[in-house]
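What follows is chain A paired twice: with chain B in the first complex and chain C in the second.
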Partner chain A sequence: MSAGSIPNSPVGSRVPMVDSFEKVTGAGKYADDLVLPGTLVGKILHSPHAHARIRRLDASRAGQLPGVFAVVTGKETPVKYGILPIGHDERIFADDKVRYIGDNVAGVAAESAEIAEEALRRIRVEYEILPAHLDLEKSMRAESNLIHDGRPHNIEKEYHHHFGDVEAGFKAADLVRFDRFDCAEVTHAALEPHSTLASFDDDGKLTVWSSTQVPYYLMKTLAATLEMPEENVRVIKPLVGGGFGGKSEVIPLELAAAVLARKAGRPVKITYTREEVFYAHRGRPRTIVELKTGVRRDGRLTAVEGRVIQDGGAFCGYGPVTMLYSGQLLNALYDIPNVKYDGYRVLTNKPACGAMRGHGTVNVRYAFETHLDMIAAGLGIDPAEIRRRNLLKPPCVTINGLRILSYGYPECLERVAEASNWSEKRGKLPFGKGIGIAGSHYVSGAANPIIRSDQPHSTVNLELDGEGTATILTGASEIGQGSDTVQAQIVAHELGIALDRVKIVAADTARTPIDLGSYSSRVTFMAGNAALAAAREAKRQILNAAATYFDVPAERLVLEDGRIFEAGNRAKALPLAQAVLLAAKPETVLRATGSYSTPAEARGGKYKGAGVGPSPAYSYSAQVAEVSVDVETGQVTVERIYAAHDCGKAINPLTVEGQVEGSVWMGLGQALEEEMVWKNGRLMNAGLLEYRSASTLDSPEIRPILVESADPEGPLGAKEAGEGSLAAVIPAVANAIYDAVGVWMTTLPITPERILKALEEKQRRTGS
Partner chain B sequence: MISESFEYHVPKTIEEALGMIGEFGDESKVLAGGHSLLPMMKLRLASPKHLIDIGRIGALRYIRESEGQLELGALTTHFEIESSSLLKSKCPLLPETAREIGDVQVCNRGTLGGSLVHADPAADWPAAMLAVEAEMVARGPHGERKIRARDFFVDLMATALQSDELLTAIRVSPLPARTGDAYLKLHHPASGFAVVGVAVRLTLAESGSIGEARVGVTGVGAKPYRAEETERLLAGKSPTAKRLEEAAAHAADGVDANSDLYASGDYRKHLAAVYARRAIQRAAERAAGR
Partner chain C sequence: MTKQKILLHVNRATQELEAAPNRLLLEALREDLGLTGTKCGCDDSSCGACTVLVNGRPAMSCLMLAASYQDAEITTIEGLAPGKTRLSELASLQRAFAECGGVQCGFCTPGLILTTCSLLEKTPHPTDAEINEALSGNLCRCTGYTQILESVRRAIELMEKESAGEVVRP
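Moving on, here comes the complex of A and B:
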C-alpha cells in the first residue's frame, strides 16, 4: 500500500522530531545532566606513553586521600572485551602494558573532581618504555615489540578477495590506470562528550545511563566484564547529543564508571573532557587506497583491483568490519565484472579507530570516484556519462554476493545533472571555477548481527489503551537522527491516528525489547519494519473485533482518523478507542508485537568475510559540487552542493534532508580541513579549536533532492538516509577542483598548501 | 579547566587602578574585556592572584576628535569601533579592521587596548595600528608617555608597556587627502584570527604616482611589522599591477615566519605577498577615488 493513499497520514510529511521540544527548550536530559543522591565523580588515569610495560603500580596513596571512595586498577579488571567476538583485546584498565597515549591505567571515584584529580596524581606508575609503532607502513613490517600477542607484523586482520578474473579483465581493457590515494585520519567530533552514570542497588543490580548508540551491546559487555548475569544489568540511553559512530561500541568510561560504582558502593559518573573524547576516538582510520582499473574505450569497466591499508590504532574495535566494508562496497555501486581486493588492518600505538558515519566506504569511495574521473578524462568521456555506462541492472546480485533490489542511482545522477545544469557547465566555466560529480551508496542495516544469533534484529512492542493512545516500546536508539520520530510516524500512519497520540518508550534494556542499536544505518529499515509489523498486527486485531461489531468481513472495514467504518459509509463509525477495548477483552490494553529479521537471500555469500557488506537494501547518492579555487592562495570555496539521495521513501522529508545536509557538511570537513595530526603518539589537535570541523557558518548552499525508489522490503518503501550521502561529497569536490584548475587531488584533506603544490607541479610539467 | 582562585578588584578611576597595580605588582593583572585573559587563566597559562577589572572606568571608553587627531579610549570595544560614524568617515581602516575580528560576543566585549597589550601574533589590530602610525598613550606612576606603534610591539605577546603602566588611549591621524586604506585578512578556519593580515594606508601624489605607502603585517611572524622593503619599492612609483606585485613580493622579507597545523611558515610568507598586493591595490584604488 502506498503511504500517499492514507489521508492525514504523518508519513511523508515534514513533521518536527518528536523530541525536538525538550531539546530546543533545554529541558531534555543528557547523561551528564543526570545526578543520583550521593553521586561521585569518576576520573581515569591515562598513559603518558605510547607503548610501555607497567613495571609497578602503587595506588595506595590515592586511596588514603579523604573524599576518595574507590580506586580500581588493572588487576581487578581481568576480563577482556571488544565489540567484535573475534576482537576481545581490551581491558577496562591495562594490566601489563599500555598501548597508546591515553590508554586507561586506573580509575578513581571521589566526592569532587578536584579530589579525584588529586587522587590520580598520587598514583605512582613505573613504566618500561617500549619502542612505539607509529607509522602505518613501518608497523606492518615490524618484527619485535609487537603491540599484541598473536598479531605478527602488527597486522590485526587481512582479507584477500577475488571475484571473476581481474587479469582477464585487464587484458580485455583498452586502458589500465593505477592511482594511489592517501586519506587522513578523522574523528566524529560529536558535540556531546561521552558521559556515563552507573549505580548499583541494594540487590547488586546495576543500572547504567550512558551516551551510547548501542545499549544492548553495552549491557552485554558490562555483564561480561563485571562478571554479572545479564539480567542484573540495565542500560538506559538518555538523550544523546550526536554519535556518528563514536558511541557505537563500548567506550572505556562506560565500564570504568560501573566498576568504580561497585567498589565505592555509590553511584559514579564519568564525563570525558573534550581532550579525552579525542583520545577515546574510534573514528575513521588513515587509509591508503591503491586502485588499478581496466576500462574499454567506450568507458565500460572491465576489472578493478584495490589494495587498502588502514591505520587501526592499538585495538581491534570494529577494524575487521571497516576493512570488509572497504572491500565489499568497492564494486557495488557499478557493474564491474572482475574484482580483486586486498585489505590490511594494521595496529599502531595510537587510539583505536572504529566506525564513523559511512563506515568503511568513505575513503574507498572518494578514491574510486576520483579515479573514475581520471579515467574519464583520459578517454575523453563526460564524468556523468561514464557513470551512466557502468550502472547495475537490478534486481541483481553483485559478483561478491550483495543482493540489490531497489536502485535509485540512475535517477540520482539525472536529477543532480539537471538541477546543476551540468552539461552547460562542465568544462565550460572560467579558469578557477569548476563543477564535479560523484556517487556513493550505503547499507540500510547490516544483514548480519555483530554477535551471531537467530533472534530478530529489531522487535517493537505496541500497546493501545482505551483512549486510543498507542505506546511504542522499542530498543532502537535515538541519537538525533530521528529514530523515535520515524517509528512514531509509521505507527500513527498504520493505525490512522494523529502523531501526538503515539508515545514512545525507547532504549531501556529492562523495559524495551531487543534492538541491536544505532549503527550501519539500520534503524529506519529494521526498527521501522518492526514498528510497521507491530502496528499491522494491532490493526488486524482491532479490525477483527470491529468486524464482529459491524457484522461485516474485516476486509470491508476502513481505519482512518481514529475511526472505523465500512467502506463508503462514514456515517456509521466506531471510534478507535472503543474498538481497542473490544479487541483487548478481557484485558484493557491491546498488545501487539512486530519484529524484523533479514531475509536469507540478503545475507550474502559464503566466503570468508562475506558476512559484512550484505544489507537488505542500499541507499544511493549522486552529488554535484561547484567550487571556486583561488589559485594564488590555494583556498577552495565550495559554492554549492546538489545532493540527490535515494532513501526509498521519505517517511519524513524534513529529517531526511537534515541527514543529507549533515552528511554533506561532515564530508566537506573531511574533504577540505579535518585531520588528526600525531607527533610521537600524541595528538597535536585534541580540541575543537585546533581540530577544524566545518560549522554552520562554513556551509555552502546545499540543495537536497530526495529520490524515492520504493524498496520492496523497506518499511513503506524506506531505506537509509543518514550515511550514504557523506561519501559522495568528497570526490565531487575533488573532481570539481580538477575542472576548475586542472589538478587531481589525491590526498585528504585538500588543503590550500596541497593545492598550491599541485599547481606548481602542473606548471613544471606542462609549462603552463 | 577552571582558573586558579584570585581576588577581584573594581577600581572606579584611572588613578585608583594605577594605585592597585602599584600595590599588587606582578601578582596582578588588569582585566578589560577578558576575551584573551580569561582563556589564558582557564588554561592556567596566567594565574594572577589579583584581578583588577578596569571595565567600569568610563573615562577609558570613548571615541573623539581633538586637535585634528582621532583618539580612542583603551576600553573602546571592537563593536564600538566598527559602528562609529566618526571613524567611518575619518579613518575607515579601523571599522574595516574591526569587522574582521572574532564573533559577536568577542566584538561586544573585547577592547582595542586589551588586544594591543595582549599582543597576540595573530591579532588584527596591530596591522592597522602600524599602517596608520598610531600613538599609544600610557599612564604609569611617573605620569603619561606616548609610544609609537612601531616601537610598541616588541615580541611575541610582549609590548613596550611597562608592568606598572596602563594603556589609556590610542591616537591616530585622520585619512589625509588622496589617501586610501585597506585591511585584508585570511581568517583561520577555526579560531577566526589572522593567518595573515595586511593593513595599508597609501597616499597618491598629485602626479598619480605613489607618495607614501605604509604596510602593516600581522600573523606572519612573532610580532607584527611594517613591510619596509615593500614600502620602499612603492614610494614614487606609479601604481601599476606589475609594480604592486613586485613590491608586495617582499612583504615577508627576512621574517622568521610562524608555522602551525594550518599553515607552514613558507605558506604564510607566500600569503603575506598575495595579501599585501591585494590590500595595496585596494588602497590605491580608494586613494584614486578621493
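Moving on, here comes the complex of A and C:
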C-alpha cells in the first residue's frame, strides 16, 4: 500500500523530531550531562612523541596523590581490539610503543579534574624516540622502524580489482585521459566532544553511557577488552551531539573509563577536551587519486583505471573498508564496462583515520566527477550531457557486482539542470562567474555486517498496550539524524495512530534488540524495515482478533485513526485499544517483532573485498553549484547550490532536507577550507576556531530537491539521505570554478592561494 | 584553591554555591547547579554552545568566572519555559526550532535559541543579514544553517501572531 493512501499518516509529513522537546528545552541528557553519586573524573596521559618506544613507566607517584582512586597503564590492558575483525591492533593503553602524538599511555581517576591532571604530571615515562613516518608516499617505501609488526612498508592493506579488460577499453577509446588529485585530511568536528560514563554495580556488572553511534559493537569490545562476559556489559546511548562517523568505532576513552571504574570501584566519567577530540580523529584520510579513463568521441566511457592511496594514520580502524568503498563506488554511478582499481592504505605516525560521512566515496567521487568534466571539455560535450550518456539501465548488476534496483540519478540530473536553468547559464556567464554540475551516490546500509553473522541487521520489538499506545524497542542509534522519528512515523503510519501515541525506547543493549548501529547510512533502510515488519505483524494480530469480534474476514477490515471497522461501515467501529486487548489475551500487552536481513542477491560478488560496497539500495544525488571567483584575491564565493537527492521516499521531508543541506554544507567545507594541518606529527589546528568551518555569514543558499524513486525493498520505498549528497558538491564547485575562470582545481581544499597559483599557471601556459 | 560562597541569579532565582574563585560560569551552571542545558563544545569560545544570557545579552560561559557575575541576571535554556512538558506549551522560539528543523543533534541548540532570543528582544524584525550576523558565533555542524534561518523567521511569525492575540498551535 502506498503511503499516500492512508489518511492522516505522518509519513510524508514535515514532522518535528520526536526528541525535539528535550533538545529545545535543554532537558535532554547527553553523556557528559550524566552524573552518578561518587563519580570520579578520568583523564588520559597522551604521548608527546609521534613514534617512540616506552623504556620505563613509573606511575607510583600518581597513585600516592590524595584523591586519586585509580591509575591504569598498558601492562594491565593487554587485549588488543579494533572495529574490524582483521584489524585488532589497538590497546586501551600502549604497552611498548607509542605510535602518534596523542597516543594513550595511562589513565587516572580522581576526585576532581585538578587532582587528575596533577596525577598525570606525576607519571614518569622514559621514551626512546624512533624515526617517525609522517609522509604518506615516503612511509609506503619505508624499510625499517616500521609502525606495526607484520606490515611491510607500512602498508596496512592493499586491494587490486580488475573487472572486464581495461586495456581493451583504452584501445577502443578515442581519448584516454590521466589526472591526479590530492585531497586533504578532514575531520568530523561534531559539536559534542566524546564523553563516557562507566559504572560497575555490586555484582560486577558494567553499565556504560557513551556518545556512540555503535552501542552494540561498543558492548562487544568492552566485554572483550575487559575480559568479561557480554551479558555483564550494558551500553546505553544517551542523546548524541552529532557523529558523522567520528563515533562509529570504539574510541579509547570508552574503554579507559570502564577499566578505570573497575579499578577505582567507583563510577568514572571521561570527557575529551576539544583538542583530544581532534587527536582521537578517525576522519577522512588524505587521499591521492589517480584516474585514467578511456572515452569514445560520443562521450561513452570505455574503461576506468583508478589508483588510490590513503594516509590511514597509526592504526587500522575502518581503513580496509574505506579503501574498498573507494574502489567499489568508483565506477558504480555510471555504466562503465571495464574497471581496474588499485588501493593502498598506508600507516603513518598520526592519529588513525576512519569513517566520515560519505565513507570512502567522497574523494574518489570528487576526482572522478572533475575528471569527467575535463574529458567532456576535451570532447566539447556539455557536462550534463556526458553524464546522461553513461547512465546505468536498472534493474542491473554493475560489473563489480553491485545490484541496482531503483536509480533516481537521471531524474536528479534533470531536476537540477531545470532548477538552475543550466542550459542558459553553462559557458554563458561572464568571466569570474561559473556554474558546475556533478553527481554522487551512496549505500543505504552495508549489505554485510562488520562481524560476519547470520543474525538480522536490525530487529525492532513493538509493544501495544490497552490504551492503544505503541512502544518501539529498537537498538538503532539516533545521533541527530532523526532515526527515532522515522521509526515512530513508520509505526504510526502502519497502525493508523497519531505520532504522539508512539513511544520509543532506543539503544540500550540490555533492553533493546540488536541493531548494528548508525553507520553506512543504514538506519532508515534497515531499522525502518524492521519497524515496518513489526508494525505489520502487530496489525495482523489486531485485525485477526477484530475479525473474530466482527465475525468478518480480516481482509475486509480497515485500521484507521485508532479505530477498526469494516470497509464502508465506519459507524460500527472497534477502538484500537480494545482490539489490542482482544489480540493480546490472555496477556495485556500485545507484542510483535520485526527484523531486517539483506537479501542474498544484494550482498555482492565472491572476489576478495567483494563484501564492502554492496547495499540493498543506493541513493543518488546531482548538484549544480553557482560560484563567483575573485581573480585578484583567489576567493571563491559559492552563491547557490541546487541539490537533488533520490531518497526513495521522503518519510519525513523536513529531516531529509535537513540531511541533504547538512551534507552539502559539510562537503563545501571540505571543498573550500577544511584541512587538518600537520607538522612533525603535531596538529597545527586542533581547535574549532583554527579548524575553520563556515558560519551563518559565509554559508550559501542550499536548495534541496527531493526525488522519490520508490525503492522496491526500502521501507515504504525509502533509501538513505544522510551522506550521499556530500560527495557531489565538491566536484560541482570545482567544475563551476572551471566554468568561471578556466582552471581545473585538482587539490583540496580549493584555497585562494591555490586558485591564484592555478590562474598564474594558466596565464604562463596560454598567455591569456 | 580555597572555596568561597558565590551567589548567582539564574533564571529568576538566587542560587548559592561554594566554589573556587577560578570556577567558570559554565562549570558552576552545569556541575554545581545541575543546569546541563548549557553545553561545552570547545573549551575556548570558538563554538557558542555554552552561550547564556547575561542581563539579556548573549555571553559565552566557558570564558567567564562565576564569581564575577554575582550581580548579573543570568538566563539559561532551562529558564525560557520552565515547568512545561509538551512542545505546544513552549516559547514560540523553541517551537519554531523544532518545527522547522533548526534542531538536529541539538547540541548547539540551547546556545542558538538564547542568542536568537536576545536578537529578537532588541530587533523584533531583523533582516536575514541581521540574523546571520547575530548567529555567526554559534557553530552548528549538522544543519548548514538553512533550517536554522527558517526557524528564526518562523519564530518571528509566531511571535507576531501571538502579540496580535492569535492562539498558534503547531
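As a convention for this text, the second predicted complex is superposed on the first by the 767 of 768 C-alpha atoms of A that agree within 3 Å, B and C clash if a C-alpha of one lies under 4 Å from a C-alpha of the other, contacts with A are read in each partner's own complex, and residues count from 1 in each chain.
Note that contacts are C-beta pairs under 8 Å (C-beta built on N, C-alpha and C of every residue); 3 or more make two chains touch, one makes a residue touch a chain.
None of the values given here were measured: they were computed from a predicted structure.
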First, second, both or neither for A:160, with chain B first and chain C second: neither
Touched partner set for A:75, first chain B, second chain C, both or neither: neither
Which of chain B and chain C A:633 touches, first, second, both or neither: first
Partner chain in contact with A:121 - chain B first, chain C second, else both or neither: neither
Which superposed partner A:696 touches (first chain B, second chain C, both, neither): second
Between chain B and chain C, more extensive residue contact with chain A: C
Which of chain B and chain C A:138 touches, first, second, both or neither: neither
First, second, both or neither for A:664, with chain B first and chain C second: second
Contacts of A:688 with chain B and chain C, given as first, second, both or neither: both
Footprint overlap on chain A, where chain B in one structure and chain C in the other make contact: 688-689
Residues of chain B touching chain A in the complex: 186, 189-191, 261-264, 267, 270-271, 274
Chain A contact footprint on chain C (complex, rising order): 30, 35-44, 46-47, 49, 76-78, 80-81, 84, 86-87, 90, 94-95, 97-101, 103-110, 113, 131-133, 135-149, 170
Touching residues (chain side chain A, partner chain C) in the complex: 14, 16-17, 19-30, 32-33, 188-193, 239-242, 244, 271, 273-275, 479-482, 654-655, 657-658, 661-662, 664-666, 687-689, 693, 695-697, 699, 701-702
Residue ranges of chain A touching chain B (in the complex, touch as defined): 632-633, 635, 673, 677, 684-685, 688-692, 698, 752-753, 756
